[in-house]
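A single structure is presented below for examination.
Order as written gives the chain letters A, B, C and D; numbering starts at 1 within each chain.
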Amino acid sequence: QTPLTVDDIAQWAATELEPEVWDFVCGGAGDESTLQLNRTDLANIRLVPRVLRDVAHPSTHTTLLGTPAAMPVAVAPMAYQRLIHPHGELAVARACKRAGIPFTVSALTSTPIDQLAATGATLWAQLYWFTDRARVGELLTQAEQAGCRAVVLSVDMPRMGRRLRDIRNDFTLPAGLASGADAAGLAAAGTRPGSSIARHTDTIMDAQLNWDDIEWLSRQTVLPVVLKGILDARDAALAAEFGVDAIVVSNHGGRQFDGAPSTIGALPAVLDAVADRCPVLIDSGFRSGLDILRAMALGAGGVLLGRPILYGLVGGERGVELTLSVLREELLDAMTHTGCADLRAAADLASVISEGLLPAPAALT
Amino acid sequence: QTPLTVDDIAQWAATELEPEVWDFVCGGAGDESTLQLNRTDLANIRLVPRVLRDVAHPSTHTTLLGTPAAMPVAVAPMAYQRLIHPHGELAVARACKRAGIPFTVSALTSTPIDQLAATGATLWAQLYWFTDRARVGELLTQAEQAGCRAVVLSVDMPRMGRRLRDIRNDFTLPAGLASGADAAGLAAAGTRPGSSIARHTDTIMDAQLNWDDIEWLSRQTVLPVVLKGILDARDAALAAEFGVDAIVVSNHGGRQFDGAPSTIGALPAVLDAVADRCPVLIDSGFRSGLDILRAMALGAGGVLLGRPILYGLVGGERGVELTLSVLREELLDAMTHTGCADLRAAADLASVISEGLLPAPAALT
Amino acid sequence: QTPLTVDDIAQWAATELEPEVWDFVCGGAGDESTLQLNRTDLANIRLVPRVLRDVAHPSTHTTLLGTPAAMPVAVAPMAYQRLIHPHGELAVARACKRAGIPFTVSALTSTPIDQLAATGATLWAQLYWFTDRARVGELLTQAEQAGCRAVVLSVDMPRMGRRLRDIRNDFTLPAGLASGADAAGLAAAGTRPGSSIARHTDTIMDAQLNWDDIEWLSRQTVLPVVLKGILDARDAALAAEFGVDAIVVSNHGGRQFDGAPSTIGALPAVLDAVADRCPVLIDSGFRSGLDILRAMALGAGGVLLGRPILYGLVGGERGVELTLSVLREELLDAMTHTGCADLRAAADLASVISEGLLPAPAALT
Amino acid sequence: QTPLTVDDIAQWAATELEPEVWDFVCGGAGDESTLQLNRTDLANIRLVPRVLRDVAHPSTHTTLLGTPAAMPVAVAPMAYQRLIHPHGELAVARACKRAGIPFTVSALTSTPIDQLAATGATLWAQLYWFTDRARVGELLTQAEQAGCRAVVLSVDMPRMGRRLRDIRNDFTLPAGLASGADAAGLAAAGTRPGSSIARHTDTIMDAQLNWDDIEWLSRQTVLPVVLKGILDARDAALAAEFGVDAIVVSNHGGRQFDGAPSTIGALPAVLDAVADRCPVLIDSGFRSGLDILRAMALGAGGVLLGRPILYGLVGGERGVELTLSVLREELLDAMTHTGCADLRAAADLASVISEGLLPAPAALT
């Protein structure tokens, strides 16, 4: 039967993917408590609907980092998408183009960024702070040449999160997904038990990354600079002071530091600290149009979507389109039922925290 | 064995009804989290009993929208009741007549309102804001002619809630329940997968409904105008300013916007905002006399009952009578044990919120 | 194996008793939510132990309603104890005598009070407000003649609680437990389905009971008058104003009004309202020495024990002794570990409410 | 497969140990609610990570009671370690030496302290307040001769906790673990049902212990005096006034008073009361590097580890090393991900309490 929800799509992906690939995608760090909390805290936010406000033609349109978007949604940067489907990033970018939303190219993309640019999708380029600084420069140049609209530096990867599933699975990337030095590093890392992705990633990341580097990066590029992975309000304030163009409140979908609060729980203090000096996007745990509306009601400027896209990608471009159309339909539905003709209205919704709902079980999706 | 509680009656209905009819009746929108929260939040309200107050003859009598009622209860508007039992609305109206409580005729009644008027029950007429405005006028005229005591405009139906059960069941109304244009529309909608009720409903509802229309409606009829489906205190205040005669705090029994707070959770702020300018009724999730007393203790003017009536209707008029007599007996019991000789005393009960109770499992009823 | 806890004793009783007798004893009213909440709220009270306070010889001694008691515990009034064991109240009274604690004789005792007086136990006499006022007078006279030290009027029985287990079980007392008019009434009530105890009880209780009757009662007897079944702080204040000698914060072990708060939750506000004008005892849900210490730490003057006594009674006098010795041992243990050499020290313990504990499952005991 | 977490190690130990030894080690007092709460309350503390702070070389080094330590961790005093593995305390001390952390020798050590001193590990000597005061003096002398750096008086053992598992198991120590009077006492106690350890322990502990004895003890030794087992802030303030050199906030891992709050819950008030007059260590329920960081973030000076060490000890010295290296690796991981280059930074982390997480089930570890 046609999937009606992201959960349906996830369940389908769970049966289609190799178990260790599924684990790599859906899993989180440590006890996966942050993974779970992202879901629980979202579910407990109740939005109080408004009525009698003419919602015959609700519009989900907005602007994300200066570019118009058909919904307040972008695809989050995710590595090695050809792991899920041979068309990988290409399929996702095409679906984004059609849906009218930005696609963030991972620093560990398994498809060259120029091929993705050819799809016509709005692209953002994600950076990791590689020890090999030349590679950072290269990524920047490629991003600018590919016409990317923003550079998204992920600041929550001083090292790989302790993802127990991958370690227990001795998880290794199939050959052919990475290129150049990465391919060699991964191959080398793959010869011992444990997660070879983790081992390789740890060798290439530069944990020295600090605010001085942000200044350097800003001077290095004409593109707007976005910091992804902020949770503490003091860091958000610093980001605003350093003049970054946007931040993404993220706990990397519970994949890095198990012990972090949920992002939706962290959002209000971050918004306070930023005080409108730059847009505040959010990700981690968003699984429905209702979840997206929750973020907008609390004041986010937009939502990045991670795993739901990869679940859809199991079905290639059509699958990603399905995910996006489910989310769009759900968002429209939620807006209509809450009396929001547009997203400005969403920001005015009242919300209450319920503790009456059972926490989600260490969840499938 | 004789059912002792509404849950007993629900369990009996669950076995008697076709699975997809059961799903249509008991189900809610989305993840059914609002459905669940309605129950949990009620259960966690603890009423502190008073003692030594002569409760030999407790009275449940009250006045609802100006008409005396034997208990602070009315039957909520519910569409297509012949789906449950051949006697449909007629059986319910007769049981209401006998129990001395009002019956709200749905805009989508499967029995003509004049036949219901013949039962002698106190009738209220529910309206939906149909795109076909003539039909609204027609319903108004019929309501007045049938001697209805109030018009209840449901303002939470800009579109049909995303009821996944019905969509998965390809739920279609059996022929013969609806009449005229509706019958044709439903038949047409029934030829594709998904919920044909949802598809049809969406085509007939006018999502443009707004406060101007309320003014129009008030001018259109001499009957008291009630708005059903208010949750935000700001809307409640607006309703009072617009001079409506009553409001019903309702989330449509969790059938429309999954993500809404419980109605009992929303009630206090609504009461504050209304500040006695009009009566505030409530529905959604009430399953016992104790639940009814909870609403009265928190300041509601009365409770509308939805599904419990339909569960009883499985047994026709006698079944509805059973439901109502269980509720009346439970209400009397709760009043007696809390020292309330009448409903004014109920409003003076102290209540505390407990978080010690397990949330109800995504519940059967 | 020797039972170590009241739960062990309850489990043993559950296997020994006829299922419908077990249900009558352990069950509560309605959904048994108050029954459950009594347990959950107690479990969530954490006592902060003191150290270095010489607890080599902790003493559990205290005074209850003016009489010395070996622990701050009395047996609660419970009807028809010969239902559990042929020696019924006699066995319990003997165990109380030996343990040095008061025994409250139920108004519905299945053993004449003069026989109980012969055990030498400290007796309190519980009254219900029977429509047959002569019977109340008779109970008073008997109580005084039997040397009772107090009269305990239960004010939470305007009618019998809706105990669904008993109704579903068509629960009837075996002949020979009640005497006189009661025996006849019970026999008559026993011929129809449902709970015949409930039916009979409802015919004999006078729901007109009010504060005027308290004045009458106080004039009628020289014994201290105790009101059992207070939960609202306003009623507690009234009781103090009316000069009663003590109150018992009780929800009748969850057997009367399902919907009430836990007694331990209600205690602090009651204590505030009473402001030391009379002792405040408590019951409902106490199952361990630790629970008893919790009540004392929160300011109670003593604890009445209900079901744990009846569970022990399955083994006759020895069984009740076992229950009492388990509780005494646990109380001593808890006092020692919290640095309380006596019960005055207990009142000085700090407590915190934890919400981290799973609510007890709708519990066996 | 290599254990990745303390839980893995615990599960392995659960299969290796005799059931009644496992119960003795992992179990707690009473209902084990304090045992459970220690875990739940820790899990619900969410640490808000900082970013962009150069964590290329995070250091876990600190000073514990004046001695440098490679991590803010010491092994808690635990009796009779040869119960777990023939090498007992020797294996643990060696692993501590290698890991660069202190080992606390239990007053009931099954290996003479001079043999442990020979390992070169930093030793602390734990005392119980034995009725046989000569033995206390002897332990002190031995401790000083063995070069111990501190004396840790456990003040939460006025009597043995009610550990139901041990009582039900008739738990008896195998011969040969204890020496001298203890061996004789244990043998004598072992002849009856119930826990012979409990029976024996109760005979040797002096419950008269009070603050005067602390003064005596301080005069008796040149070593720093630490009080272990403080939970109430008033006792913490007294300890500071009495000039003790450190305190350990402990509920003895839930083994003594079931009903106590979690230690992490008690810590903030204790820190307030102590106001930096002495270091405040903590133990009970710590199972991961993340848990350790939680304590440091809340202001603790270090963490004592109990059961995780014994679980590892099942594999002898290597097993303990494994436990310690898992914890060290997790701590480094947590520090890196929260932007803490050293432990001073940890104290500056923001934390939030989540109630969204399911309480741990009455847990295995």
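One rule holds for everything that comes next: a residue touches a chain if its C-beta (ideal position, glycine included) is under 8 Å from a C-beta of that chain, and two chains touch if they have at least 3 such contacts.
Computed from a predicted model, the values in this text were never measured in an experiment.
*Asks:* Using the contact definition stated above, find the chains touching both subunit C and subunit D.
*Replies:* Expected: no chain.
*Asks:* In degrees and to the nearest 5, what turn takes the CA positions of subunit B onto those of subunit C?
*Replies:* Between subunit B and subunit C the superposing rotation measures out at 90 degrees.
*Asks:* Quick one: compare the interface residues of subunit A with those of subunit B and tell me same or different, with half as the dividing line.
*Replies:* Here the answer is different, because the shared fraction of interface numbers falls below one half.
*Asks:* Provide the C-alpha centroid distance between subunit A and subunit D, rounded to the nearest whole angstrom.
*Replies:* Centres of subunit A and subunit D (C-alpha means) sit 41 Å apart.
*Asks:* Could you put a whole-Å number on the gap between the CA centroids of subunit B and subunit D?
*Replies:* Using C-alpha averages as centres, the distance is 59 Å.
*Asks:* When you check subunit B against every other chain, which residues touch at least two of them?
*Replies:* Answer for subunit B, listing residues that touch two or more other chains: 355.
*Asks:* Pick one for the touching-chains graph, please: line, ring, star, complete, other.
*Replies:* The chain contacts form a single closed ring, each chain touching exactly two others.
*Asks:* Write out all the pairs of touching chains, ordered by chain label.
*Replies:* Those chain pairs satisfying the definition are A-B, A-D, B-C, C-D.
*Asks:* Sort out for me which residues of subunit C touch subunit D in the complex.
*Replies:* So the residues of subunit C in touch with subunit D come to 1-2, 4-5, 43, 46-56, 288, 290, 293-294, 330, 333-334, 336-339, 350, 352, 354-358.
*Asks:* With touch defined as at the start, can you tell me which subunit B residues reach subunit A in the complex?
*Replies:* By the definition above, subunit B touches subunit A via 30-31, 33-34, 36-37, 40-41, 44, 155-156, 158-159, 161-162, 164, 167-168, 193, 206-211, 213-214, 227, 229-235, 238, 251, 256-262, 265-266, 355, 359, 361.
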